[in-house]
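As written, the chains take the letters A, B, C and D, and residue 1 is the first residue of each chain.
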Amino acid sequence: MNDSAVLLIDCPDRKGLVARVSSLLYERGANILHADQHQDHDLVLFFMRVEWALNGTGNGEETGPERFDLEGFKAAFAPMAAELGMRWKLSYSGRLPRVALFCSQYLHCMADLLHRWRTGELLCEIPLILSNHKDVERLAAFYGIPFEYSAVTAEGRTEAEARQLQMLESAGVDLVVLARYMQILSPDFVARYPASIINVHHSFLPAFTGAKPYHAAHARGVKLIGATSHYVTDLLDDGPIIEQDVARISHRDQVEDLVARGRDLERIVLSRAVRWHLDRRILCYGNKTVVFD
Amino acid sequence: MNDSAVLLIDCPDRKGLVARVSSLLYERGANILHADQHQDHDLVLFFMRVEWALNGTGNGEETGPERFDLEGFKAAFAPMAAELGMRWKLSYSGRLPRVALFCSQYLHCMADLLHRWRTGELLCEIPLILSNHKDVERLAAFYGIPFEYSAVTAEGRTEAEARQLQMLESAGVDLVVLARYMQILSPDFVARYPASIINVHHSFLPAFTGAKPYHAAHARGVKLIGATSHYVTDLLDDGPIIEQDVARISHRDQVEDLVARGRDLERIVLSRAVRWHLDRRILCYGNKTVVFD
Amino acid sequence: MNDSAVLLIDCPDRKGLVARVSSLLYERGANILHADQHQDHDLVLFFMRVEWALNGTGNGEETGPERFDLEGFKAAFAPMAAELGMRWKLSYSGRLPRVALFCSQYLHCMADLLHRWRTGELLCEIPLILSNHKDVERLAAFYGIPFEYSAVTAEGRTEAEARQLQMLESAGVDLVVLARYMQILSPDFVARYPASIINVHHSFLPAFTGAKPYHAAHARGVKLIGATSHYVTDLLDDGPIIEQDVARISHRDQVEDLVARGRDLERIVLSRAVRWHLDRRILCYGNKTVVFD
Amino acid sequence: MNDSAVLLIDCPDRKGLVARVSSLLYERGANILHADQHQDHDLVLFFMRVEWALNGTGNGEETGPERFDLEGFKAAFAPMAAELGMRWKLSYSGRLPRVALFCSQYLHCMADLLHRWRTGELLCEIPLILSNHKDVERLAAFYGIPFEYSAVTAEGRTEAEARQLQMLESAGVDLVVLARYMQILSPDFVARYPASIINVHHSFLPAFTGAKPYHAAHARGVKLIGATSHYVTDLLDDGPIIEQDVARISHRDQVEDLVARGRDLERIVLSRAVRWHLDRRILCYGNKTVVFD
């Protein structure tokens, strides 16, 4: 991992935005590692992601032993951002994001995320695994992660969610990942984590929303099945899409074959979404995402 | 091309179907080139495609100079098929299927099909190109194919379709290909060519049915776009799917980029559907297809 | 899983092979679940895979409570097979194949196979995990599988392999899976398990054989990276290919990005190869495979 | 098409490059439409592509009716570029690149490129089609493009190439596209068009270089076939790769099936390479390409 800072910006588009941001970074001695911009010409919006070294060991000229002065930069950047109507988020690699994983009975996504985390592919802390199924406890223990059992019934959802939110808060969680978690979150819960709850849906959205998408795909006779990772919003299966992938099937495949092939898709689209979120590559706007690569 | 016959069968599944069909062919000296079966275990249905040489020069033992006796086989097979409740279709390479191509203003699928036909990839006759746009006439002339201009207005559709059906009949057409033809066919028209009208829809069905699917895909923020070829039925964009494919897009792609990338998908899924239909690889049942490979 | 038998056949192609095999099965009351054939017209070879129910509860007519008489079928089939020059293998679901997993320091393939096995995707026994790295022991223990540490040095390979072969024999192993096992097996070892050792190579073979294929791919500037699963033969990276897949990369991807993306490819192509082998879908001939789908 | 200018830069990486280029553009009133950078951290190289509006109608603030002063910008940029060791290329949409298409007997790539050009997908002039086969003349005539027949024999290559180079020069050609042109160009010819000759090779390079790659792929038993577009250099099939794609095949596919499927791949990878080159999205360095998206 780079010892670096990442600045994400979105604002109304106008001339000179790149010049002003990059000049400020240059003046303060930043060693830019990656920079990427995007403009939505229809909506006249500007998006930018810029990452720079904090320890002066990036490419280009040497800056000596001092570290980049992040607080000083912030103080200089804030008024410019206000003037230009920017929404922005500055993060740095010194603090790992804290992630909670929720799941139900299917553990393939959970097991996949944990293995990727263990091998360093996902740079985060995982202070909490929560499930309405007790089977996952053994897996959590293998990876040394605290497990919470949380049964949710229709009538007890409000209370259950209150307890869950408390757990998230006391664990200092930044991101909730629904790794095939079969409970629907209330609007109140969702509102507490805007653009910070990632779900995987086992279809190529917007086709086959709702329950049993593999059955629906089989009934319709499609020739490809898909999976979609997205941020959770109030509307079920309707949040901003982060990643999608598909696999070819044929008339020989029964529903259980689709389920098996789909597991691979789900693992891949969910793990990519989590990684990109952790790398601060994603900006949400409206009901869409910009994913810088 | 093989000098061969193809038998397509579907019937209720029961024991011994492969044995009975293959034994009859063996007794009559057939040199089987390809054989494929499929069972739908849920619906207890059996599907079979078998292709054999007509000229005795296939692999295996020599059969001498005589040709396979197709009429004799038919006479022997028909009672067995009746006994077993088979629907079947016997075709042979001596008679090329006759195809009519319909299009509107976008010519990429039309141009693609014609080039593939010229180079021998599509084994058929093309006695008719029909369009409500006159621009296609020059392209038709380049390939030496009769062109008919057919304007269709809301009030004049019945009459226009009557003329079109007459043209199809006098041209002896077996298959109608809608190569981005923007008119909706009436149920009467569709009923005349059951499982014999192939359309391409510029989305990954069942997502984004109806008009302007690329606009809808862009608005939804999907990360893959698709195209679908299918047989036309009474319900718009709802017939049995033959082939689908997708391409990756990103936040950088505007609607016109989706349109451009989609053209490649449309060409590919439509041309595959036409080729497989011409090769008698497709069986329809319910609202689905079996595509033997 | 079906309670079923699978017969794999290859032999010189000639007329009537399907008829004779399917008729014999029909006479003995078999309920065929799947049947697939393939002919190599150039080499005049015939390949067949047929699977039938053993318990009389398949589709089609009921056969009553008796089980299919496998020994009786074998006795009737053997002379026919001899007459027709068939190589054949009959297996049935009552006996699970026994698989040994070998790995070195990279555990992503191992962890993936074990999770798939636990969830029922891979129908086999796993009596042995062997590695020249001790880290895998904890993972083996989590899944309750005996672990053997086996250090291999250049000078001690003969002895080490002798011990390994003994372990395989006493564990009754049918299939050895090299899940990123970094040691080269001797020709003697390979000869003991013909078409029964599956390896994954982290490139799109035949490109980038040998060590460090991701470095080589990065140096060459390819736009897709791949992975290949194959049976092991005497020639390194040259055995019959079972499955391959690729992923798109760009100029932004460094070697470590290729390694990370490649891990997903490796998991997928290796797990597919193992599943297909366990499902008896693969026939080897020459340096190629037939994979029935 | 945008009325725009595109600046491509590569130079040694150092701090402040983005700031200096974007500030200069901002000072001179440029309305940036797209900007993209890349750094090769290993080689300490910097790459940039920036596109801006020339007519003052881009997004952001209005600049009034005046056009961007391209000559003034050039005069101001040149000394900065010299100081920073930049190689750079400034082009603008007012002048369409001029492209020559070469082919031999297979016309699928040629027909595809011409259709894309006609429909506005490829923004260029095509003043010349050249072939050692006369069949292409009719196709050239359909699109109204001058055709030159140029037979090349082993002993007459020097003379033939001299005539070809003269044709290219008098047609003012910027880019030569080898659309399945089966002649090898001499090093002298290649040296005249550095990074300006695009070829398509019908394999997934570096696998199966040389002649008959589909035969080689079939013999090796691969499960995917590919195609590659690349700039031509002195070494056969070894130039910087621009684009690659693959398609899945199976044991059922004979060499002629690979050839047919491969035609679709060839069309796609070649047309993408040509479009990206025309859009000035490609930078070559060493034996690799940066393709900005």
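We adopt the following convention: a contact is a pair of C-beta atoms (placed from the backbone, for glycine too) under 8 Å apart; a residue touches a chain by one contact, two chains touch by 3 or more.
All values reported here derive from a predicted model rather than from experimental measurement.
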Self-check item: Starting at chain A, fewest touch steps before arriving at chain C
Solution: 1
Self-check item: Distance-maximising chain from chain B - centres being C-alpha averages
Solution: A
Quiz prompt | Residue-number overlap at the chain A/chain D interface, same or different (half cut) | solution = same
Exercise. Starting from the mean Cα coordinates of chain C and chain D, work out the distance between those two points in Å.
Key: 43
Practice problem: Please compute the C-alpha centroid of chain B, do the same for chain C, then give the distance between them in whole Å. | Solution: 36
Quiz prompt | Residue list for chain D, restricted to those that touch at least two other chains | solution = 41, 250, 252, 293
Exercise. Quick one: which bits of chain C touch chain D in the complex? Just the residue numbers, please.
Key: 38, 41-42, 204-208, 220-224, 226, 240-246, 250-252, 254, 286-291, 293
Quiz item: For the complex, which residues does chain B have touching chain D?
Solution: 107-108, 111-112, 115, 119, 121, 142, 250, 252, 260, 263-264, 268, 293
Quiz prompt | Footprint of chain B on chain C - complex, ascending | solution = 13-16, 18-20, 22-23, 25-26, 29-37, 39, 41, 44, 59-61, 248
